[in-house]
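Inspection log for the structure reproduced underneath, given as structure tokens.
Order of writing sets the labels: A, B, C, D, E and F. Residues in every chain begin at 1.
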Amino acid sequence: MPLVNIKIAKDNVSAEKKAELIKGATQLLVDVLGKNPQTTVVIIEEVDTDNWGIGGISVTERRKQGL
Amino acid sequence: MPLVNIKIAKDNVSAEKKAELIKGATQLLVDVLGKNPQTTVVIIEEVDTDNWGIGGISVTERRKQGL
Amino acid sequence: MPLVNIKIAKDNVSAEKKAELIKGATQLLVDVLGKNPQTTVVIIEEVDTDNWGIGGISVTERRKQGL
Amino acid sequence: MPLVNIKIAKDNVSAEKKAELIKGATQLLVDVLGKNPQTTVVIIEEVDTDNWGIGGISVTERRKQGL
Amino acid sequence: MPLVNIKIAKDNVSAEKKAELIKGATQLLVDVLGKNPQTTVVIIEEVDTDNWGIGGISVTERRKQGL
Amino acid sequence: MPLVNIKIAKDNVSAEKKAELIKGATQLLVDVLGKNPQTTVVIIEEVDTDNWGIGGISVTERRKQGL
């Protein structure tokens, strides 16, 4: 029954890469905690780089500055 | 003051259906816990089927396979 | 596959009341969107009243003031 | 290491305003709890007004009614 | 900068198992998307089995029924 | 109507400090976006240091290592 929520920057991540994240996160719960994969849910949320900040600076701005 | 967050697959759900979800979830908190509807907040998040997986497989792929 | 997350104040809500919330939220998704109840997940989070604020004032304080 | 998640209605908020939110939320954690700003993360989520309800009524509808 | 949130049932999961989840989820983001592990954050939330439901029935009750 | 969710490590943060976070986060939304403080909600979640990781290492372990 685990739920995994993965937030990443919106960077045109392909459906194939997303499928790998879903598969890998599900397998992690199986391997570490013996969870049933059939009831493991993974959700990926893509966040605009204007909407994400670290160190008080947006990711958009950080990339411009090469941080 | 309750907060209800509902995540559903992005399937062109109409504003009318969303309004029903908002109304129904609010009423549920009133009925079960006697909460004040005026301060009950409902948020609906629609998740792309590529970004949602169960059993290690994305919902996009599950639908293709008829799962 | 819907996920419902309900945040309420931590007020010694009984397991029976929680079961009613789980049942009711699941039924809402069935009724409004025709979702499969077997894959509908509901999570209830109970938040300490010191940790929840509205109008810039914690719920603990609001209750003291009769707000 | 704090994480701040800010959900606001989707109202064409500018990147400048978002940058102010990121800066201000980060500074708040520094000022109140002495947290390291370099590891403070802020995420802003913009929610469609059809998808957000209070008092059992969507924000879209509330605005129409002047609530 | 990815954030991974893992919700599991509260079952006396050991700190060692949690450390494995943290390590594995971080590595997944490195392997699939080439993310920097130093800025990858993982949070594990443990949910009481009374507070988690599937199919309209709490996990506490499901376990009693052997579901 | 904004919602602010602040996740911090569980470190015996006092009710007074939490009240400052609630007040400050609410004021931030007023100052930057002109939001109504009366409908601004702030929730603080305290996360056990075993349950929070950065760089693939739990905060418990990071503190032991002086990271």
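Everything below uses one rule, namely that a contact is a pair of C-beta atoms (placed from the backbone, for glycine too) under 8 Å apart; a residue touches a chain by one contact, two chains touch by 3 or more.
Worth saying up front: this structure is predicted, and the values here are computed from it rather than measured.
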Remotest chain, chain A as reference, centres from CA atoms: C
Residue-number overlap at the chain A/chain D interface, same or different (half cut): different
Separation of mean Cα positions, chain E and chain C [Å, integer]: 20
Euclidean distance of C-alpha centroids - chain A vs chain C, Å: 25
For chain C, residues that touch 2 or more chains besides their own: 1, 3, 7, 25, 39, 41, 43, 52, 54
All pairs of touching chains, each written as two labels joined by a dash: A-B, A-C, A-D, A-E, B-C, B-D, B-F, C-E, C-F, D-E, D-F, E-F
Contact footprint of chain F on chain B as seen in their complex: 1, 3, 41, 43
Touch list for chain A against partner chain B, complex: 15, 18-19, 22-23, 25-27, 37-46
Chain F to chain E touching residues, read off their complex: 7, 47, 50-58, 60-61
Touching residues (chain side chain F, partner chain D) in the complex: 1-9, 13, 17, 20-21, 24-25, 28-29, 31-33, 35, 39, 52, 54, 59
